[in-house]
Amino acid sequence: MFKVFICGGSGYTGSELLRILALHDEIEITGVTSEKSAGMAVNELFPAFFIYSHLKFENLDIDKIKKKADIYFLALPHGKSQKIAASLLEAGKKVIDLSADFRIKDASCYEKWYKTPHLFPSLLNDAVYGLPEIYREKIKNASLIANPGCYPTSVILPLYPFIKKRIIEIDSIVVDSKSGTSGAGRKAEVTLNYCEVNEDFRAYNVAKHRHTPEIEQELSFAFGGFITIDFTTHLLPVNRGILSTIYAKLKKKISTKEALEILKETYENEPFVKVMDEGQVPSLKYVKGTNYCYIGAVVNERTDRLILISTIDNLVKGASGQAIQNMNIICGIEETKALKSLALTP
Amino acid sequence: MFKVFICGGSGYTGSELLRILALHDEIEITGVTSEKSAGMAVNELFPAFFIYSHLKFENLDIDKIKKKADIYFLALPHGKSQKIAASLLEAGKKVIDLSADFRIKDASCYEKWYKTPHLFPSLLNDAVYGLPEIYREKIKNASLIANPGCYPTSVILPLYPFIKKRIIEIDSIVVDSKSGTSGAGRKAEVTLNYCEVNEDFRAYNVAKHRHTPEIEQELSFAFGGFITIDFTTHLLPVNRGILSTIYAKLKKKISTKEALEILKETYENEPFVKVMDEGQVPSLKYVKGTNYCYIGAVVNERTDRLILISTIDNLVKGASGQAIQNMNIICGIEETKALKSLALTP
Amino acid sequence: MFKVFICGGSGYTGSELLRILALHDEIEITGVTSEKSAGMAVNELFPAFFIYSHLKFENLDIDKIKKKADIYFLALPHGKSQKIAASLLEAGKKVIDLSADFRIKDASCYEKWYKTPHLFPSLLNDAVYGLPEIYREKIKNASLIANPGCYPTSVILPLYPFIKKRIIEIDSIVVDSKSGTSGAGRKAEVTLNYCEVNEDFRAYNVAKHRHTPEIEQELSFAFGGFITIDFTTHLLPVNRGILSTIYAKLKKKISTKEALEILKETYENEPFVKVMDEGQVPSLKYVKGTNYCYIGAVVNERTDRLILISTIDNLVKGASGQAIQNMNIICGIEETKALKSLALTP
Amino acid sequence: MFKVFICGGSGYTGSELLRILALHDEIEITGVTSEKSAGMAVNELFPAFFIYSHLKFENLDIDKIKKKADIYFLALPHGKSQKIAASLLEAGKKVIDLSADFRIKDASCYEKWYKTPHLFPSLLNDAVYGLPEIYREKIKNASLIANPGCYPTSVILPLYPFIKKRIIEIDSIVVDSKSGTSGAGRKAEVTLNYCEVNEDFRAYNVAKHRHTPEIEQELSFAFGGFITIDFTTHLLPVNRGILSTIYAKLKKKISTKEALEILKETYENEPFVKVMDEGQVPSLKYVKGTNYCYIGAVVNERTDRLILISTIDNLVKGASGQAIQNMNIICGIEETKALKSLALTP
């Protein structure tokens, strides 16, 4: 039994860790923190999680918590993970950080987009970007995992093989992403109220979303040269799920079938990536509550553009599920442990 | 490994059996039928259920299917289960019927409310009403389970102890239930279209819903005398879940605390019934995707009425989850096997 | 042209006044206040209301505003209207108060349920309860209108004739109401977030909702004696609309048809009350965005209970539409002016 | 008073004509047809439309109906309008066709995309594309209006000035559109069921949506040369509204401010086009139930792409509202008559 600790358990990614880990029989949760709910039992805040009646939210006191576990999930706001991670690493612990703090290798790029200084740039090189489909071998021995952002997971997986194989024009990439509202976090804001989001749909942070440099970094690594993309995010009136529609000009003509074969070949051994057959594209509901990423492709022969459509659950493969997948890899546990649920349908 | 067969796999209760059983490691699904989708692989109709790519929907040919398994789930429309159940029982099989066909002990009452003759009234006595919280011992040895209706499960569980203990006036019971739209089944009907249900809310089958006699039967058994109730159903713009608000005049004054203690005592050993603490009432989302029933109670001292509020997922504890709970009991498998998922939150 | 002023224009009832009055050609809006948005143009806060680009939210400075108009709508939180109303009345103005401050004739009852002292109990007698279907004649000459609550409007209209005619047992009334989320107001609260309300349904303030004494007062006036009811409110995952399901034991047997005739007779000349035909019950969507109240009735002959189902838009007939209806009556304008829109369907 | 007749009144565009025309005081509706609901009163099918209790759906008998009115709205399925329009035109009537039958000037292009022969290609030249912002002068004297498609309206309006002024690379246009479910029509189909659409989001008809040639035709006319675009449509879980996100490479650098000025200049006298200020982009809810089109623009300086975001209500400016705007123009009625409602907020 591995001992697991969650820093930040009252937000949506924290509570999702609690939900998924309830089905995991090789770990034990030894503690969970929450600034606002410290002192409250987990099942008081989340009555649906009655099995955690013995677990109380505690304050994030680094000296206390660093003795409690082997592996630490940090489900904290951006900027708050850096110090905690550094202390835990120093204490010899494994850290899986769900924030953006260790995803961007270039500290100045991080500082530009997140508008906050990076206090531990030296850790950026040790951090492994926790996308198992690309970095599985490095993850196995990592001490610090930078768990990928939700949008980047949905964008990098479909684009990766086409960039790697130089099939698309790299200055032609347009990514139009749509996310469920849980992506905005569990916070009190009028613009996130039910009546404001329901029956509405809107774009936000147009041409300046913080996930842009993260996507560009990983695509650039795959390409071996710098890639800039257009990336627009929209708020969907659903609780969970991201669907990304991705457009790129083909450098050479390929058919829809060939595009799908490239995806299938790339991901044939991946337990969590599902490539659609020709004529089908994925639907958000295929992944609700699951760790899967479904990908479809269509070549528009009228315009010579490749259209990729991918979908994930932003809280699972886009956050907490992927974090647990990383934990399983690090611990040598079966990679799909606790992650086999099928989508809640309907 | 028990061999399990599903008759009717393309509706919402059938697909829910497939979803839940995917996590069950002591059974094997040996076949699934569907009139409309015969010949199609399960994952073609439900791409989210990719693990069933090997399983094709087949026609319901009783001679063929009766050799295929030990336990049969019938997720068929009302009226269609009777013959199939009779044939399977004759072949020595165990049958769990999710329709209403064997729930009403009085065949004439069934015929009056369902407006169709009952062809096998002799089986009605053998059938065990599959509510484990009341009939667990009988279920263990039953060959034919009449799996309870969704609304009745949500109404009987909270009312049962108060009727048994004769705490409420039995002619004062008013049940106001609200159900998610999956309760209407997976069928093409303009009134079930997204645009018709979304942003709407309506009562239906007022004073004539077919679940009325089922609820009245079980309450009457508990009371030892005939009980008539007012039962009104409403269509909620959500996919899943039933919340029932139940009103009854108290025969003698009890406090909210005492009411909750009666519930807690009754269900303290039940794995799937959760009684709220004073001051809290259950919310639909506590049970989404789960087999739990949450119950809350408030005594209105101004009117001497007991108000009970219960919630279940209509497709899980209200149908397929409870059916699997019954299967586990019959097979001597751990009762909660495959049914431990916590609610998808949010 | 009547000059109209709105105190509190940034909440949902305030913005609804702005929306509806945009179609009113006999009034001019001379000002609107908002504490939080003072200085901002109305169309900055509500880009959908582009026609109000000339109108800036201002602070509620009573000395300034009392010169600006003839009629004042107070769309302020409960407890905040009392002083403002008193000052405006003293200045000879007409006041339509959308809060609860002047609805309860008994100041001690108000203080008990609203947990705040009433500073101007002497005004309670002057205030006219603004339900035109009952008090139209008094409204014509009123200076202070206590605009009814949303739930009370939906409950009083259907029950009124049956209580007046003493057809139902007055101690048997159970009201189960369900409201869209705009009823909770436009405020930042995690429990009102999209992800918390969507796909959920819950009861709230069970046995202690503040609209209880308001309903009981009006039913008691109609009956000529004190009536106590059970009143339970629920939060619906829709933006707008209330549907109330009301149960009462019949004192003497009447048929569904007779019940409907009583309603039709009572409301035959009312422009905003629509009584359904036998076999039909109203649906929330019939009234979305409109000032109508639809009412249906069913007599359950098995239990001798009358079941009434009513629906209104909580922001229109339940608040701002009714307020404008009252204004039209006071000003001698055609009562339906600006209130003739049909429901947005779908 | 103009006499108006509606062919096809039981679908969503037909019922929307009925809803909007209820506020129009210079026309009289003299009849409405429906194949499925012939003989039924309008308010039986749509209880919300109680004012039409005198109006019965009738069969579409061309000889009968052609005597009944001056102006005919055809809200019929694609392919069904051609003959009806031809007969009505022959009888000297004015026809506003909401289908696609007369939108594509090139009959062979129509036949290729709609997979049905065009029976009256000679009428294609007489037909005026009913987008008043571009063709107002022609509309005034037209006998046959080809009312624009919903998606095309949302795409042509924002792109038009940039193409006309040759500011963007014409082979770089990517249009990512999202539509509410009413766009799919009022029909019985499992895939349109509430439970299938709610909490889901999906792309459909990828690279082959029928509105593609209509958009390309109008953009090509504006450009004076053939334009091909990528156009992807998605199904939003909302009742109404389209939001289109449009990407194009700039031929020469312009700022966001300059892009917005181009839009403002183009549409400054248009009553139904609203251009956002810098830093704001439109939200679906700004237009719910209204005839407005809101447009925002952002120049991404990192990629030299112009991003345009537009939103309309698919049933109003995208169909019935625009049809009534066209009728007002043809009849010499104030163009905004019956179309001044502000968006239902929230």
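Going in written order, the chains are labelled A, B, C and D, and every chain counts its residues from 1.
Methods note: contacts are C-beta pairs under 8 Å (C-beta built on N, C-alpha and C of every residue); 3 or more make two chains touch, one makes a residue touch a chain.
This structure is a prediction, so every number in the text was calculated from the model and none was measured.
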**OP:** Would you mind checking which chain's C-alpha centre is most distant from the centre of chain D?
**Re:** B
Original post:
So which has more C-beta pairs touching, B-C or A-B?
Top reply: B-C
Original post:
Per the centroid of Cα atoms for each chain, what is the distance between chain A and chain B, given in Å?
Top reply: 36
Original post:
Centre to centre, by mean C-alpha position, how many angstrom separate chain B and chain D?
Top reply: 46
Subject >> Whole-Å separation of chain centres (CA-atom averages), chain B against chain C >> reply: 39
Original post:
Going by the touch rule set out above, which residues of chain C reach two or more other chains?
Top reply: 12, 182, 195-196, 198-199, 237-240, 282-283, 285, 288, 346
Subject >> Of chain D, residues touching chain C in the complex >> reply: 12, 15-16, 18-19, 22-23, 46-51, 182, 186, 199, 239-240, 274, 276, 280, 282-283, 285-290, 292, 294, 340-346
Original post:
Which of the residues in chain C end up touching chain B in this complex?
Top reply: 171-172, 174, 176, 178, 195-196, 198-204, 206-207, 228-230, 232, 234, 236-241, 243, 245, 247, 281-285, 288, 298-303, 305, 307, 309, 346
Original post:
Which residues, counting only chain B, touch chain D once they are in their complex?
Top reply: 12, 180-182, 186-190, 192-199, 237-239
